[in-house]
Amino acid sequence: MLNKLVANAEEAVKDIQDGATIMLGGFGLCGIPENCINALVKTGVKNLTCISNNAGVDDFGIGLLLNTRQVKKMVSSYVGENAEFERQLLSGELEVELIPQGTLATRCLASGYGMPAIFTPAGVGTEVADGKEIREFNGKQYLLEYAFDSDYAIVKAWKGDTHGNLIFRETARNFNPMMAMAGKITIAEVEELVPAGELDPDQIHTPGIFVNRIFQGVDYEKRIEQVTTRLKS
Amino acid sequence: MLNKLVANAEEAVKDIQDGATIMLGGFGLCGIPENCINALVKTGVKNLTCISNNAGVDDFGIGLLLNTRQVKKMVSSYVGENAEFERQLLSGELEVELIPQGTLATRCLASGYGMPAIFTPAGVGTEVADGKEIREFNGKQYLLEYAFDSDYAIVKAWKGDTHGNLIFRETARNFNPMMAMAGKITIAEVEELVPAGELDPDQIHTPGIFVNRIFQGVDYEKRIEQVTTRLKS
Amino acid sequence: MLDKFGIAKRIAKELKDGYYVNLGIGIPTLVANYVPEGIEVVLQSENGLLGIGPFPFADEVDADLINAGKQTVTTTIGSSFFDSALSFGMIRSGRVDLTVLGAMEVAENGDIANWKIPGKMVKGMGGAMDLVAAAKNIIVAMQHVDKKGNSKLLKRCSLPITGLGCVKKVVTELGVFDIVPEGFQLLERAPGITVEYIREKTEGHLLVVGEIPEMVV
Amino acid sequence: MLDKFGIAKRIAKELKDGYYVNLGIGIPTLVANYVPEGIEVVLQSENGLLGIGPFPFADEVDADLINAGKQTVTTTIGSSFFDSALSFGMIRSGRVDLTVLGAMEVAENGDIANWKIPGKMVKGMGGAMDLVAAAKNIIVAMQHVDKKGNSKLLKRCSLPITGLGCVKKVVTELGVFDIVPEGFQLLERAPGITVEYIREKTEGHLLVVGEIPEMVV
């Protein structure tokens, strides 16, 4: 069964249990798995650890899971767009681990590439380095950072096929390809699902071997955090 | 000057000095920088250390540089297609360092990603591990392998633009993208050079930031090592 | 006794629907011809291809499209191309369900030697060390004895090792063997081959439990 | 004294033809508007874009195309998209020639603090720690003093550090400063600003060598 098609987001996420660690692709609200987030709100699964560069906004993205108190811990690089997040953090309801964005990306890459740990200079000399092993190479110091161990990875692609091959669009790619490689079970939602064989093999960003479940998403809002325009002169 | 165009292979490789370390893309004879190899034969540069998955065949690819005794050392994963290579190795004229193919690829990746070293399980318990640091993660042993430090990387792409953006074709991609990221100076030869702006930004495999020189290659032979066919029934 | 096609055919029975499989050069490559009906597998080529198709017709040959054995191939429906780092990433992270490769020697503890004969030509390990260090399920396809008649199923490898304790199963012209803590457990005899004959040709510890069926290929 | 546009304009003079540049949020983003004539630079956005173009016209807005500040942008000729790992790969391996970012504090040894105020909200470091740990050339664009009038050019950072000894140059509304072993070396005064005034507003060691020119913006 190379056909990895599932009916919808509800079916894709239904076995995610309380206490699971999940990765969610996206940068800000760009390239986030909207359908799966909505489905997780419906299943009501609790005590999630979410690994995601950002935490959404108050009423969209991971913010929805924060509102329903389904998240125990966020592992992110930047979370500054979310008042409910701030409230839960300050009240101690929510654990937060902040890690440099490149470290986040590379720890995903390490998981996908079967490398147990990587070295990065990011965070040397800062509180990010607290308790971490430091090693010098060629006169420069690096932190040892471990690959993520995530039960699920949930990603959003532009196009996908029934074998799980994925193509991303523009900056909606961001963390999605690395996370797609880094979950024990990887779920992909796509804007356009095509039969296997329709995507150009040279243009596939994530080969299907990394994807366990795929479905055609619906009703994408693709909200924009900061619509910034210029005037026609 | 984002225009990285040089006239031809001779201009692209003319500053490569005796004793330089160079990476050469390709797997077998597939996706090798034919033009630059020919140009290096012409410049006569000596004592090269070549990092390349294979060593060409007797009269093509890196084999040409072996015939002219320009290579001091080969760093490869598989070299079993070359009688002159064998002769030089057995006579002690040529140094050879054999490393697992995945380790070779990942040491290139490490250079391109600014990671000084990586951990891989490949070679644990074998003579490849001799003198190397072994470390256990989650009960499994890994070797510490260092990023490559290469003066030049020479790669071959299918299409490229004047800003150095590259697109590879089929399995001619192989080591080329990693090596393109891993050289202090990266030279790309392409089958088809187009003005910047003509390649789809979503389909670029190697962003131009990694490429220092690019030129339109000529007279590609694209020799096939083993033409294997089936009969039409 | 099996010929090389028989060995490939027997190994093909180990394939499961949806498997991603890496087939080494030689007998392992032949396994692709015997994928059981009703199941789909994807063949991975470590030079950067998922979904190896059959050899091309003469007018389809494409220099940019080869397998890890440098043979011209084609793609299949759903194929993808990628670079060597990602290729070994998927191998290292355990996404390849089954690896079939040849060997010069296999030891009763699962060690494998298949890349070097000291004093003779060294061709290199290619991707073999990465594959054996990372694959979840490794089957070795090889002749039971070498050209001098010496067993290749040994107590301990004499040649330089490719990987430690990694082989799960061995299929030779004489039989099918699982690597278990006690050694080589005989699971099936090749047609016409006796347990006694296999014992004689096996230097490593051979475990024979109960009646050993003759294989159906 | 410079306004924020003046600071951006002055920093733009540091751009060289062919530079790949990462511009942080705030004043640094404005630098893009003042690229000197006759030179070409490529703006890198760490969320996966090389070649940031101007803001889109209203009918061009594309939710899939944003910069690291989450603003809608466009591409330029020669742009490319890539994933976050490759993006930080190019940063970490030193391919980005210049990074311009804001700061809460800079110390005379080049330490920078710009990601956290203990006890207040923590928004996170985003890509700043990666950038400052790896970039070859880091220029800080910031106000010389905070809202309470306290100097932000310090002997030692009081806030949690983002990176150690990494800042090469600081441009404020008062002047341009190189970080040298002795501290902040004043290179240029903002129009109408005296050396004495700058000294008064600078807590860290200020090095003044010879006559200090007023900058031409």
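Order as written gives the chain letters A, B, C and D; numbering starts at 1 within each chain.
Convention: a contact is a pair of C-beta atoms (placed from the backbone, for glycine too) under 8 Å apart; a residue touches a chain by one contact, two chains touch by 3 or more.
Because the structure is a prediction, the values reported are computed rather than measured.
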item	value
CA centroid of subunit B to CA centroid of subunit C, Å	28
Centre-of-Cα separation between subunit B and subunit A, whole angstrom	33
Length of the line joining the C-alpha centres of subunit B and subunit D, rounded to whole Å	36
Intercentroid distance (Cα basis), subunit D paired with subunit C, Å	56
Multi-chain contact sites of subunit D, meaning residues that touch two or more partners	81-82, 85, 88, 91-92, 134
Multi-chain contact residues (two or more partners), subunit B	106, 113-115, 120-121, 168-170, 173, 201-202
Pairwise touch network: line, ring, star, complete, or other	other
All touching chain pairs, where touch follows the definition stated at the start	A-B, A-C, A-D, B-C, B-D
Touch list for subunit C against partner subunit A, complex	17-18, 20, 40, 42, 44, 50-51, 75, 77-82, 85-86, 88-96, 134
Subunit C partner contacts - residues on subunit A that touch it in the complex	1-2, 111-115, 161-163, 165, 181, 196-197, 199, 201-202, 204, 207-210
Touching residues on subunit B, where the partner in the complex is subunit A	106, 113-121, 137-138, 140, 142, 146, 167-170, 173, 201-203
Complex contact set, residues of subunit B against subunit C	27-31, 53, 76-81, 86, 89-90, 96, 98, 100-106, 108-109, 120-128, 158, 168-178, 205, 222-232
In the complex, subunit C residues that touch subunit B	45-49, 54-58, 60-73, 81-85, 87-88, 91-92, 111, 121-130, 133-134, 160-164
